[in-house]
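The structure appears right after this line, and notes come after that.
The letters A, B, C, D and E name the chains in turn, as written, and every chain counts its residues from 1.
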Amino acid sequence: MSVDTPEGVGNRIRRLLPSSATDIGVVLVLPGLVLFSLFMLFPIAFLVYLSITDVSRAGDVIGIFQGEASIVWFANYLELFADGEFWNSIGVTWLYVGVSLGLKLVLTLVIAILLTHDRVAGKRYMRALVIVPMGFPPIFVITIWRAIFSPAAFGPFNRLVSAYNDVVIGLAELVDTIAFFVALRAPELLLVDVPVNWTGGRWAAFFGYVVTETWLAYPFMVIIVVSALQDVPMELHDAAKVDGAGYLNRLRHVTIPAIKGPLVFASILTAATSFQNFLIPWVFNKGGPGRSNELLLVYGYREARVFNEYAMSSAIMVVAIGFIGLFMWLAVKKTNLADGV
Amino acid sequence: MSTILDAIADLRAGRRSPVDVAKSVLTTGVAVGLLLLLLFPVYWIVTVALSRGTTLSSPGSLFGDPAAYTLDSFRWVLENESFRRGLLNSLIVVTVTVTVTLAFSIPGAYALSRREFFGRRKLLYGYILFTQVGAGLSIAVLIALYALFSGIGLTNNLLVLGLFYAAGAIPFNTWLLKTFMDNIPVSYEEAAIVDGASQWQVMREVILPLAKPGIAAVLVFAWTAGWNEFIVAQTLIHDPDLYPLSVELYGLIDDRRGTSWPQFAAFALLFALPVAIIYFLAQKQVESGLSFGGMEG
Amino acid sequence: MARVTVDELRKEYDTGSVVAVNDLSLEIEDGEFVTVVGPSGCGKTTTLRMLAGLEEPTGGRIEIGGEDVTDVHAKNRDVAMVFQNYALYPHKTVFENMEFGLRMSTDLSEAEREARVAETAEMMDIEELLEDKPDELSGGQKQRVALGRAIVREPDLFLFDEPLSNLDAKLRTTMRAEIQRLQNELGITAVYVTHDQHEAMTMGDRIVILDGGELQQQGRPTDVYERPVNGFVGGFIGSPSMNFVDVDVEPDGDRLHLTGRDGEFAYDLSGAYVDRHADDLESSRYTLGVRPENVTVADGAANAIATTVDVVEPVGSDNFLHLGLSDEFIARVDSDVRLEPGDRVTIAFDESDVHLFDAETGRNVLTRERDAPTVTS
Amino acid sequence: MARVTVDELRKEYDTGSVVAVNDLSLEIEDGEFVTVVGPSGCGKTTTLRMLAGLEEPTGGRIEIGGEDVTDVHAKNRDVAMVFQNYALYPHKTVFENMEFGLRMSTDLSEAEREARVAETAEMMDIEELLEDKPDELSGGQKQRVALGRAIVREPDLFLFDEPLSNLDAKLRTTMRAEIQRLQNELGITAVYVTHDQHEAMTMGDRIVILDGGELQQQGRPTDVYERPVNGFVGGFIGSPSMNFVDVDVEPDGDRLHLTGRDGEFAYDLSGAYVDRHADDLESSRYTLGVRPENVTVADGAANAIATTVDVVEPVGSDNFLHLGLSDEFIARVDSDVRLEPGDRVTIAFDESDVHLFDAETGRNVLTRERDAPTVTS
Amino acid sequence: TSMFSGDGSAELWHEFTDSEEETFDGHLETFNEDADRELDASGVSNMDEQLETALPANDGPMSFTWAHDWIGVQHENENLYDGSDSFDVDLEGTYTEAAADAVQWEGNVYGLPYAAETVSLMYNRDMVDEPPETVSEMVDIMEREGEYGIGYPGDPYHYSAYLQGFGGVLYDEDADELGVDDDAVVEGLELIRDAIYEYSPNDLEEDTNLSVFQDGQAPFAVTGPWNLGDLRDAGIDVGVAPLPAPDGGEPTPFTGIQMWYLTSRLEEADDAVRDAVLDWAEWYTTTEDVATTNAQEHATIPVLQSVVGNDDLGDDVGAFSQTVDMGMPMPASEKMDAVWDPVESALDVVLGSGGDPREELENAAEQIRDSWK
């Protein structure tokens, strides 16, 4: 960006001068910008204002126009930063974002690579099917996943785990009968205690969140990565083959670098979305057990709705928006998204 | 399909070795397996919608008793007055969202892609920064939002709701479309200008048709944004006659009295249908719209 | 059709740090076909784009058909441009591609437009393609459509930006003939940018050579070929390139004695040659230029120079001998002259084929007097 | 380096409906540089890709260095390929691009790899670019890196698929010289696909001409130029193209009298010429071929033919005269032969420069006996 | 109301289930026939959230129906209308004592009551001959019958009967005392853990719990009258009984009084509308036919004195009535709002992840006290 160089300044001045080419750009961008500001920036500004007042109830928020709130400046923020739950929440949220992103990336890559692979018949139809999760309302899907992760023994996931246990035991027995002289103790380690308490255990619940989040977000990433994969120049693969690279090496040295831009782009967007996830923890077990898995927005929501601390919750949201803003800003800086993918 | 037939023909003619064909069958098998695994919840939802009773999970067979499958729940949804009303309302909202998003983001994207103007880069940054803020914003500040909107009398209005979604969708979609337009060679546009086309004609005759894949992607994203959202809808709409489908759907979840899951599942499936249709229709366009690759000159 | 005047046209980029076109003045007669050549980045495209109105000049004036169009928007200039990549609208059929310009810039009725397109399509032999989309066409067909799209509008001025460079050699020959035929039939006024020697030499009534944004020379192709105003033009026009040898000049009676600064080379210029520019030969350092086809292998001739054959390149029709006289000194000889690398040969060339360029300014000491006529020709 | 044997190589696409390569057999000696030419779609790229292992042959065998590699995967063949669009890994630096092949296909240590890359980079004069990414390079630099990437691996066989076609004329000349220098220095075995006449003629020890997937002729470039086995090869090699005239042959004593089927043309072949192939001239319909550079404007010569000048194309070094003898009959004459369109001229060409092709099979009646030596040469 | 916008003009809001709505529509029709001004009603989902935003903005209904426990909050938020001067009914003389108390808050009458409700024990008659009277009896049966023993949704509302089964009170409204960490409540939670959760499908989710009963895999379930219809439709021969008593205690479930609330919008409403709404509340809560139909069709417990004890209401109502009698009205104070969530978290931790009951309840109590500050 040429901003502070003399040319930059010159350019800026020139661009400010009335000239049809410049004007029309502004005119075209302006409506969208105004609409966006009206409906998004303005509420954010309002939120920031709320966060420095002492409003506690819904009624007060609405009454704020009648000047019923007093300004307490940073009291809410100070209180927030002093709250251990808040820091726990921040930690869990980042962990959640990180782990689910990792899982999403792996899953997305596997799906996308499979569904663009030459050897897969009917891949176009499969690609259409695989993004079906995008069509359901999140609240519904999350409830379904909550049921899948039911801690009851007959919960679908618990059934899966039981089935897995059966397979392990079966295999162990098989090995045992074939090689009877081997004292086989390994299965104990491989077995899982059923039923798993998916909502009662902190990490079990966390696992449930991550799986659900991944399921919700992968279609978006798959669409983008599939599109990117279709654009990888065949010639690069040919060059790598001739250079002696096998499938995995080509994946690592040709495919992945070629789709890196879109992949990073999709990652950043879903990471930012999952940072703000509310419904998953809320529907699963309200960020439980206890408050151990409260993602940031659940924390904020609790403050607002349950404890009637609207100002506090606004402060939390401001912090959340700050985090996302910072995250996006860094991401954009690092990856040059502003110039395209 | 033709891939398979070709493979068989090739195998017969000895042009492909059995090993080669086996490899294809195996990879396809892996893909299908993965797909089945991923779509398990969807399959489950379908069986729930077909089941009798009211519960989602059941200690018996996971998928209920196929012999007892019934379409009652779907019938219930379709005959349900609020479904039909909600559908209409949702269509209104989504039409507004999609139209406004397209109407605002196409020119915006064009300007960002093709024109140099003061603050262009800052705006691009801003847009990307804010692409993801909208969603989370709505949850904790519902009251604030409501206070704002009711203060200026904009509650209970489907147009305003649609506009709100559009506002949230504009940054991301503008940026997406801008990225797409960056890859449309300028020479088409110049050819049209030299041919005597005005700015507007260039837009209509050249840019719009060429940006179709990008526009299709935006359409799908804007559509899902307007269609699936319910929290803001519920906050800004108090008149049950104006509830969009998502709010009606959410209303079926009754914490106190229990939810009738087959009905809920049937409702959700019907709810998801339009999105699925739109996507199937636009799939090819969307996939190339998101490819971020070059367009042939 | 129209006369085009370009007056001190200038284009700067990046706030003046890049001068793409440097005060270029040109007169293009009605019906004249001008080819523009020059190395990559010399400002050819920029000039064309300013003529089309796609780029705003930093300075200078453009007149088309007597009207000052410098500030006229591209869409209001009656100009057609054929782009290097054709820039056919991929979503429109061939018919729609051709009709688009008519629809935009004329108020012909639909029927009239159809008739015009049909007529042009016939002329270009693309009637059968009218319903196809560009991506169903081969390279040559695309090129034809791009030409047709320009022609159908019957504009004042045609601009071509390396229109054939994406075609293979055979197709290029065909299309070149096509364009020449159209030029003859329609008498179009055209500016044609190319980097193909053959096109530049054969297509234009006039050739314009640019370098670094500046006009180097303009004139009839053969004139430019035979009398390049400077070393750049001499080296740029012609393939293989003109051979250059750095020489020191020493008067020797009424003759001039040239000695190669890297040895081996010696040549005498006659009094007649000297007379034509005697007062110009002040400095003693010059570069001698002679074209490969003018170098002959001839033992007994006057002014013969003995040298070694480094490489023999038989190209079928001729043999190219790379000689040891300077870095890249080539003689084009008949293909039946069979020599081997390492052979000693004696070469000669006629005094009339010798060009002398000032080692500092590069200027051709002979053609200086002729600057005036070539510029206004 | 290695000897390459291609035996009845065949490639079909779309379940046999397209035969891209039709039972091609070739022997490439160790250290030989073979250029492959042919019109677009004739199967050049397909052949190369089969050699590289990127395409599975439908039939036939490929041996490299005595080993049958037909079913060996590309990554296990010791072959390097230079692609038309360079195909440099865009996210890797020049160094990494060059090192990649070594890393994949050899078990050299890092230090050894670095040394090899450094050495090659020096040879290619790209040491300074090692840290740059491909998109920071100019076309010529990219081309150099692509070459370096291939060379550094010291493979058995080099494959080039029109490596210079994306460069401009001047750069192409430089890079051509570069490749020739490498070829001389390293003595590489290479198959070089091109559509550039000049490259085809000058770069290869041998030239292979394909058409429609089938081998037409192979041999030393000058041999092929002078003795094309059929009309296709005659017309394809050489620029401007060989001139063709459809003639009827009538014996006239011991001579043969040729008459153009479209009038104007008449030529007598001597008994000596006739003797060389008398028994072949059964059919009476032939096509006569003569190269433009062999046609002279000469009034008094024997066998002179009077005709009209249609177009004069001065290309600087020569003038191309388009004559009325057949559709496209060109004479390349000296640039000081100044004729105007419409002038009557008398032309002549030597009997030894005349090719006679069977009108039906296209076969050159003269070179038939020489088929054997050219095929195995 | 145009096509795109509305003003939320329906005067009455409810969140009835389909079958309840059907009965309700009948009542409304009857009322509207004789009324001077017809009233309009809407089923609203997530009514609490809707009201919370609508009423302060002078939007939303004139009246809505819900259990009495919102009174405190709505009063705090100034969303209610005091009807004490407007009603002609004598509260104490017309409704049961609990019902009459429930609609009053700080001396204001914020609506009129029409039914009581609570959760009670349901048993599968095919598996259980005689409903158990004590928890030990129930445990015996659970040990014997079914894959699972009981479907018992795991939230403070459903569990309140046993949390408060040994004399503890989660929140004593009158004394303004928090009892969450009382020994008695801890004892109750231990009982729930050992004698109830142990036999449940180990998922607190209501859906899972109901499913085991509905599938005939558990002899017992604890739920409210609203699920009776569905359970019977699923083919279970459901019997309703009072909640069994723990050793040395008595189940004390929270009970709710269904009422028509008067909202603050009435203050500025037209006289005609206001009168119609007030009339409606009176008519609905004092018409015997309404009370009996609701009881017969939806097993709600009448609070209209003239109907209470009526024999025609059916066995189910009888059993529910007995449970209601054991119970205590939910606290309506807004302070109660802060109690639910921490207690639910505590249940979650204790039952779900084996936390210590005392410790977790003390934690919860601390949180609640914090948020009251």
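In this section, contacts are C-beta pairs under 8 Å (C-beta built on N, C-alpha and C of every residue); 3 or more make two chains touch, one makes a residue touch a chain.
As the structure is a prediction and not an experimental result, all values here were calculated from the model.
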item: Minimal step count in the chain contact network, chain C to chain E; value: 2
item: Chain labels contacting chain A and also chain E; value: B
item: Higher-contact pair (C-beta pairs counted), A-B versus A-D; value: A-B
item: Whole-Å gap separating chain A and chain C, where each centre is the average of the chain's CA atoms; value: 59
item: Whole-Å gap separating chain B and chain C, where each centre is the average of the chain's CA atoms; value: 55
item: Chain B and chain E: spacing of chain centres that average the CA atoms, whole Å; value: 39
item: Chain A residues counted as touching two or more neighbouring chains; value: 58, 62, 147, 150, 152-155
item: Residue list for chain B, restricted to those that touch at least two other chains; value: 56-60, 143, 146-147, 150-151, 250
item: Sequence positions of chain E contacting 2 or more other chains; value: 52-53, 57, 201, 207-208, 212
item: Contact set on chain B toward chain C in their complex; value: 185, 187-188, 190-198, 201, 205-206, 209-210, 212, 295-297
item: Touching residues (chain side chain B, partner chain A) in the complex; value: 1, 3-4, 7, 23-24, 27-28, 30-32, 34-35, 38-42, 44-45, 56-60, 62, 100, 103-105, 107-108, 110-112, 114-118, 120-121, 123-125, 127-137, 139-141, 143-148, 150-151, 163-164, 166-168, 170-172, 174-175, 178-179, 182-183, 199, 224, 228, 230, 246, 249-250, 253, 264, 268, 271-273, 275-276, 279-280, 283, 286-293
item: Residue ranges of chain A touching chain B (in the complex, touch as defined); value: 1, 12, 15-16, 21-29, 31-33, 35-36, 38-44, 46-47, 50, 58, 61-62, 64-65, 110-111, 114-115, 117, 119-124, 126-141, 143-145, 147-148, 150, 152-156, 159, 215, 218, 223-224, 226-228, 230-231, 261-262, 265, 269, 272-273, 275-276, 278, 297, 300-301, 304, 310, 313-314, 316-317, 320-321, 324-325, 328-329, 332, 337-338, 340-341
item: Complex interface listing, chain A residues touching chain E; value: 57-59, 62-63, 146-147, 150-155, 195, 197, 199-202, 285-286, 288-291, 302, 306-309
item: Complex contacts: residues of chain E adjacent to chain A; value: 52-53, 56-57, 76-79, 201-205, 207-208, 212, 337-338, 340-341, 344-346, 348-349, 351-355, 360, 363, 371
